[in-house]
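These are the structures in question, set out in turn.
One chain, chain A, links the two complexes that follow: it is found with chain B in the first and with chain C in the second.
Right after this comes the complex of A and B.
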């Protein structure tokens, strides 16, 4: 399978500190990839290496088939990049800023730019420095969408924004999906936001990738199971490794099944706890899945 | 405005929730046979969900014969939509089956189960 972004054993150290450690990210074409992790996990550093802003200590990145260290103007014109801490020429007005960006991209689509301006309801004649955080993100997003990039990389686009502005931003960046080839990588520390949006999830913590999977499959395989026992269980039971956060008291057993298959998990429960009187299975949100994994792998909490 | 609605719950794959929302609209008559469906992109934009997820849901509904793709028109609600009561019940069958399993495992009696359904039906 070819990937829009692929990293192999990507590592970045500052002094003795490994900020990104042997990362193997695989972002498929045509989909939304949610790159998740707590603040300081290494998300921004990874993205900067993808964008050829930072040089890896070791390992490599390929972006749309090309090594990131060779990314030139031709490739960068295919990539839209919006970062939470982006430097913007604050003294420019929105209109001046967009006209300024326009000159850098031959394929700039002015009609599309106008549509986005209307959709976002941005004040054309205000200076960037006078805009709210949300408005500024919108201006940055327009400047990265109007040339119709094939790959859009968003570094923490939602942080510090209220839900209405988040929704507007999402509608905005989904606009790139009208073209045939599109890929979105969005980093966030907000799991709820991304659960609905992302087709793929990658979770990074303390420099390492802990999970990389299709969102639907991740949500399908994690379930919280509660078992009521008719009588206390006699001996200590050896439970499968896929049962996380296993807890047992006199009349009740709870755990998070990380490989749930309808019927199979229940069968295993009856085998290990023949005295069960009821089994209940509950869905798990991405946040709950993350907490279960955090306990298991000692990941820091979000 | 979309011709169907989805109330999203966390913890259930999104495409399943969309399949359910569209099925519900067809069963309730909100969507009628021959009605054309909004494009994948329109649904995606309206619900703010990846078009890949929407496509997955639509493909599933086409496989289930609830939607059909017509050349030059797009996706429409298939004639199966007005199907017999029997077929409508068939659609619900899996869900009811799952609920019964759940109810039994909770030790709920048939009477209590039906009462619970009646109560929900009114609301």
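Right after this comes the complex of A and C.
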């Protein structure tokens, strides 16, 4: 399978400190990949290596079939990049900024740019330095969307924004990308925002990739199961490894099934708890899944 | 690519528009002052005195703006760190660096180059010199700009740039201070370090102005190549740590080459390939036995005795005058085989181009039929001829032996570089030098001539005389002499005292390094001693002639003076002057009738040092006034402006004369103007 972004044993060290270690990331085409991890996990460093801003210590990155260290203007014209860590030319007005960016991209879609401006309601004649953080992020987004990049990389785009602005941005972003055939890598430490966006999820912690999976599969796979017991459990039961966060009191058992299969899980429950009186299965949010996984993989809390 | 470069260029230009406009205004003002000094205000002596000072201030301001503009331009698209906006945009590194080079090249190199070339043309400087100025301006601008560009390329923000810059400057200052302290605490180590800078002298190289400039050009050229390469490297690779390492290495290479460089490729063309015509064997050398002076010196912790005298060189064509330099260690050879070595010194430690009376025949030769009427002025240039420890001196003094040294003898002639009719507004443009007369001041015995001297000072001009700060510091600067010549009566008059460049100190100091140097000068010509009445007719017929020394030959002579003994006593008639003045004989100390006075009648006293402006005292504490010439007079004015006169008939005349001198410097407007002393006595 071809990937928009593929890393192979990607490692980055600063001195003796490994910031990213043996990372094998695979971002498929035409979807949104949520790159999750707590602060300091190595997300931004990974993205900078993807963008050829940082050189890997070892390993390799391929971006749209090209090694990242060979990314040049031609490839960068197909990639949009928005990062909270990116310096913006603050002295420019929004209008000048977009016009300046426009000259760099032959495929710049001015009509689309106008639509985005209308949608995000940006004041054209205000300097970037005078804009709020949210507005500035909108300007950065427009400058990275208006040329319809094949690959969009967003590094903590919603970080530090208040919830109202974040909601507005995410909604706007979803609306814009709905009909587009884009590949998007979005990093975040906020699970809620990514849940609404991501088709794929990758979780990095302490320099290592812990999980990488399609979101739907993940949600399908993880279910919270509540089992009501007719009588108290007599002995300690050895539960399967896929049951996470197992809790048992006298008349009730709860756990998160990480490999849920309709019928199969219920069957297993009945085997282990013959005195069960009812089994209820609840879907899990990404956050709940993450908390469950945190224990298993010793992932830091987001 | 072109579209991208244009877009980046206009983006940067827009970003810097306010600073660039300010810089443009400052540059225009600077050039206006530059050319204005030579062109628009030639009749305004006040302006002529102040303009160079303004020029330096504006020049400094221009440099400050350049220091600010460069990082702001570079930091628009920095090549350090990981957060620059352009890193993730389809901008090639070549496009970014090309844009920066284009912007800085156009604004900080091309525009100043065109502007200065234009201003030189407006100032009637010959086109040949304008072309010579082009590489010099480019070199000068690039050698100033590129280190700053490199520093800006290695930093991300202006604050980082300023901090690193301040640290580097601070480190240099600290290094200088440490060196100074080291020199005080451990003089031997200090001298060893300072020896690094004088390698060239150790190797016996002629540290001429052209050699100093050659070395500087090599250093600047290497700097430009290295720094440009490092800037490109940093932009292309963004390996900051490696660039820094290489920059440090490059700096040490440039520094070492500066120390080691030994080729003078800017030496005056007149000397190139010239074969010496003067038979070196014929040149005779002897000391002036009537002018031997023993001074106390010290080297490290050891007290020494320094012998000074006049090394009289003769038997070369009278059109030449000779300037000797030691090529080997000076030695005294004694008949019993003992040898006494002089502690390292050159014959010419100071004032190489002060006017020595021995040079007057060469002047006369250049003037042709016009006879110098006041040839004897008692101005002598003394040479350091020996230095030894006091014990050795006591042991060997008065003992005859052979004085032996190999000396390089530079033979100069004088040529007429300008001859301007003595009337207001007269102007002459003679190649490297332009002279325009501002006015005359007739006094009883003297005629003062005010004039503007414009000197084209191009580094790459191999036909012109060279000037530089270093050459001035080392007293290796060749300076000319002004003479009044009347071609009708065939008479010529030398100045009362020709202090050369010191005639207009302010202008000279601030002209330093300019390609078109403008000096306002006043020189007084000694008609009394010449026995000529400066009548209207005489002055109308006269012209101001500038005699320019030119190096014609350079020979190495093995000087062997037999039956010479280190003197036991000073035979110099003026030991007091020597004691204070060091090795240069203060010409201002002498009355014009020096030869008429028996030595024993002359006693000297200093201008009271406890009075007046400190700087003035510093400048003039070594100026002694001849008591026997009577009624010497000094005047102190606040702000370091001064006037003084000597050799007047009586107190009233001395006072009037000094006041008049001061008046010429506009100090009568100064309420702090006061008489300091008369005849060395403090005026209450």
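We adopt the following convention: the second predicted complex is superposed on the first by the 282 of 302 C-alpha atoms of A that agree within 3 Å, B and C clash if a C-alpha of one lies under 4 Å from a C-alpha of the other, contacts with A are read in each partner's own complex, and residues count from 1 in each chain.
FYI, a contact is a pair of C-beta atoms (placed from the backbone, for glycine too) under 8 Å apart; a residue touches a chain by one contact, two chains touch by 3 or more.
Remember, it's a predicted structure, so these values are computed and weren't measured experimentally.
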| item | value |
| --- | --- |
| Partner chain in contact with A:195 - chain B first, chain C second, else both or neither | first |
| Chain B versus chain C as contact partner of A:81, first or second or both or neither | second |
| Partner chain in contact with A:279 - chain B first, chain C second, else both or neither | first |
| First (chain B), second (chain C), both or neither touched by A:14 | neither |
| First, second, both or neither for A:104, with chain B first and chain C second | second |
| Of chain C, residues touching chain A in the complex | 3-4, 7, 11, 14-15, 76, 82-85, 87-92, 95 |
| List of chain A residues in touch with chain C within their complex | 48, 51, 53-54, 72-77, 79, 81, 83, 85-89, 91, 96, 100-101, 103-105 |
| List of chain B residues in touch with chain A within their complex | 8-16, 41, 44-45, 48-53, 56, 102, 105-107 |
| Residue ranges of chain A in contact with chain B within the complex | 30-32, 167, 170-171, 174-175, 177-178, 192, 195-199, 215-216, 219-220, 277-280, 282-288 |
